[in-house]
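Here the structure is laid out as C-alpha cells; the discussion comes afterwards.
Chain naming follows the written order as A, B, C, D, E and F, and within any one chain the residues start at number 1.
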Amino acid sequence: MNNGMNDRYTRGWQKLKEIDGDAGEKVIESLKDIAPDLGRYTIEFPFGDVYSREGLDLKSREIATVAALSAMGNATPQLKVHINAALNVGCKPDEIVEVIIQISVYAGFPAALNAATVAKSVFIERGII
Amino acid sequence: MNNGMNDRYTRGWQKLKEIDGDAGEKVIESLKDIAPDLGRYTIEFPFGDVYSREGLDLKSREIATVAALSAMGNATPQLKVHINAALNVGCKPDEIVEVIIQISVYAGFPAALNAATVAKSVFIERGII
Amino acid sequence: MNNGMNDRYTRGWQKLKEIDGDAGEKVIESLKDIAPDLGRYTIEFPFGDVYSREGLDLKSREIATVAALSAMGNATPQLKVHINAALNVGCKPDEIVEVIIQISVYAGFPAALNAATVAKSVFIERGII
Amino acid sequence: MNNGMNDRYTRGWQKLKEIDGDAGEKVIESLKDIAPDLGRYTIEFPFGDVYSREGLDLKSREIATVAALSAMGNATPQLKVHINAALNVGCKPDEIVEVIIQISVYAGFPAALNAATVAKSVFIERGII
Amino acid sequence: MNNGMNDRYTRGWQKLKEIDGDAGEKVIESLKDIAPDLGRYTIEFPFGDVYSREGLDLKSREIATVAALSAMGNATPQLKVHINAALNVGCKPDEIVEVIIQISVYAGFPAALNAATVAKSVFIERGII
Amino acid sequence: MNNGMNDRYTRGWQKLKEIDGDAGEKVIESLKDIAPDLGRYTIEFPFGDVYSREGLDLKSREIATVAALSAMGNATPQLKVHINAALNVGCKPDEIVEVIIQISVYAGFPAALNAATVAKSVFIERGII
C-alpha cells in the first residue's frame, strides 16, 4: 500500500476543506467524470504539499494567492474561491480590498477592477456588504 | 501652488525610500532623461497613494507584490526590487521562498523557478546565503 | 483642504465623462460599496493624470488602449468601454477594426477574434452595423 | 486574377472544415459584418499556410494548439473549437486530458482546471461522457 | 508560378524595409538557418497583408504596436524594433513616451517602466537623448 | 519511513534525467541553497507524477510543453530545457520548428520569433545546424 500518497491525499483533503470549504469540494467533484487524477493532484500537491507547509501563515498564503490570481486576470473561478478562502482563514474584507487596490499598480487598473467585481460578488453572497 | 500633489510626492518619496531603498531611487533616476513624469507618477501613485494606505501592513503588501510579480513572470527587474523590499520591511527569507513555492501552484513551475533564481541573486547579494 | 487632489479628481471626472461616457460612470458607481478608493484612483490617475496629458491626441490614446486591451485578452469589460471610448473621441469604426486586425500579428488570432466579437457587440449597440 | 491568394484561400477553407468542422465556419460567418478580412486572413494564414504544412501530423498540431490555448487561459472560445478539432483529427479524449493535466505544471492549476471545464463541456456535447 | 504569393512577399518586403529598416531585415536573416518559412510568413502576413492595408495610417499602426508589445511585456526584441519603427514612420519621441506612460494604467507600472527602458536605449542609439 | 514520497521522488528523478538530461539536474542543483523543497516538488510532481503517466507518449508531451512555453513567452530557460528534451525523446528538429511556426497563429509572431531564437541556440549547441 502506498501510504505516502495516502498521507498527502488525506492531509490535502483536510486542508482543502479548511481553506476553500464547500467550493473546493465542488471543484474536485466536477472533475470526477473528466479528469479525476487532476482532482487528486489538486488535493495532493497544492493542499497536501504546499498549503500544509510551515513557514508562512495561511492568511499570508491567501494574500499571495489573491494577489497572484488578480494579477493574472484569467482565473476568475479560482479568484472567487480564494477570496472566500482568504475570508475563511481570517483575512478581513478590507485587507482583501487593499490587496486588490495594490494590484492596480502591478498589473493595471483592468485587473484590479475585475478583481474588485469578483470580491463584490463574494462579499454580497456572504452578507458582508 | 499645488500643495496636494506635493504632499503625495513627498509622502511617496519617503515611502519609496523606506520600502525599496536605493534600488527605488535608481529606478526614478533612470527615468529622468526619458520619461520623468513616469518617474513622478511612480512616486505619487504606487507609493504616495497605495503603499501609504492603512488597512494592510507593509509586510503583507510586499507578500502580495512578490506573489503578483512572480506569477506575471515578465517583470524581473521589479521582482528583484520587491524581494529586496520584502526583506526591508521585515519579511523573513523563508517567507519569501514560501510565497515563491506557492506560485508554482497558481502560475506553474517555470514562474516559480524563475522567481527562485531572482530570490537567490538577492539573497547572495545581501549575504543571506 | 487638499486642493491638489481635488483638482486631479475634478479634471479626471470631466475627462472620464468625455471619453468613456456613461459606461465610465457606471464603473465608478459599481465600486462604491466595495472599493470606493479604487474608484477615486481610477478617476485621478488614469483620467486626471494620464488622459489629461498633452503630447498625444485622444484618438491616438484610444488606439493605444484598444490595442493593449485586445492584446492582453483578459480585460473584456474594459475593452468594451474603450471601443466605445475610441468612437466617442473620433475614431472611425474601420480604424478600430484595423487595430484589431493588427493585433492578430502581435498577440495571435484568438486575441484578435475575441476583440472583434467585442467590437461587433459595441457596433450593434450603437447601430453602426 | 490573384491566383496565389485564391489558392491559399481555397486550401485554407478545406483545411478549416476538415479540422474545425462547423465551428470553424461559424467563426468566419460571425466576422462577416464586422471584419470580413480578418475572417479571410484566418482562413488563409492559419489554415491555408500553417495547418497545410507538412512536417508535423495534424494530431500533433492539435496537441500543440490545445496546450498553447490552455496555458494562455484567455481564449476559451478557441480552446473549445480546438478540443473539438483535436477529436476530429484523431486525438483520443484521454490524450486531450493528459495535455490538460500537463498544463498544470507549466501554467498552474487554474489554467488546467479551466481547460478541463471546457473539455468537459465538449465531451458532454459529443456524448463522450 | 505562384504570382499571388510573390506579390505579397514583394509588397511585404518593401513594407518591412520602410517600417522596420535594417532591424527587420536582420530578423528575417537570423531565421534563415532555423525557420526560413517563419521568416517568409513574417514578411507576407504582417507586412504584405496587414501593414499594407489602408484604413489606418502607419503612425497609428505603430502606436498600436508599441502599446500592445509594452502591455504584453514578454517581447522585448520586438518592442525595440517597433519603437524604432514608430520613429521611422513619423512618431515623435514624446508621443512614444506618452503611449508608454499610458500603458502603466492598463498593464501596470512594471510594464511601463520596462518599456521606458527599451525606449531609452533606442533614443540613445539614435542620438535623441 | 515515507515510502510513497520516496517512490515518487525516485521515479521522478529517473524521468527527469531521461527527459531533460543534465539540464534538468542543473535546475535542481541550483535550487539547493535557496529552495530545496521546490527542487523536490519539481522532481515529484511534474516528473514523478505527470511525465510518468501513461495515456500520452513522451514525444507528444514535449510537443505540448514546447507549445505552451513558446506561447507564454516568459519562460525562456524552461523553453530551452524542453526544446532539448523534445529532441531527447525523439522529436525531429523540423517538428519542433513546426510547433513554433504554429504558435505564431495562437500567440502572435513575437512569441514565435523568440521561440525560434531559443531553438536556434539549442540546434547550434547540438550541432544540428
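FYI, a contact is a pair of C-beta atoms (placed from the backbone, for glycine too) under 8 Å apart; a residue touches a chain by one contact, two chains touch by 3 or more.
If you want to know which protein each chain is, UniProt gives these names: A, B, C, D, E, F = 4-carboxymuconolactone decarboxylase.
Just so we're clear, the structure is a prediction, and the values are computed from it rather than from any experiment.
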Inset, instruction - Quickly list, by label, the chains bordering both subunit A and subunit D. - result: B, C, E, F
Inset, instruction - Compute the centre of every chain as the mean of its C-alpha atoms, then state which one is farthest from the centre of subunit B. - result: D
Legend entry - Shared interface numbering between subunit E and subunit A [over half = same, under half = different]: same
Legend entry - Comparison of D-F and A-C (more C-beta pairs in contact): D-F
Legend entry - Computed distance of Cα centres, subunit E from subunit B, in Å: 30
Legend entry - Whole-Å gap separating subunit C and subunit F, where each centre is the average of the chain's CA atoms: 39
Legend entry - Multi-chain contact sites of subunit F, meaning residues that touch two or more partners: 37, 41, 45-46, 50, 53, 69, 72-75, 78, 97, 101, 104-111
Inset, instruction - Would you mind writing out the residues of subunit C in touch with subunit D in their complex? - result: 72-74, 97, 100-101, 104, 108-114, 116-117, 119-120, 123, 129
Legend entry - Residues of subunit B defined as touching subunit A within the complex: 45-46, 50-51, 53, 55-56, 60-61, 63-72, 75, 78, 94-95, 97-99, 101-107
Legend entry - Residues on subunit B engaged by subunit C in the complex (per definition of touch): 2-8, 37, 41, 45, 49-50, 53
Inset, instruction - Name, in rising order, each residue of subunit F that touches subunit C in their complex. - result: 104-111
Inset, instruction - Quick one: which bits of subunit B touch subunit E in the complex? Just the residue numbers, please. - result: 27, 30-31, 33-35, 37-38, 41-42, 45-46, 69, 72-75, 77-78
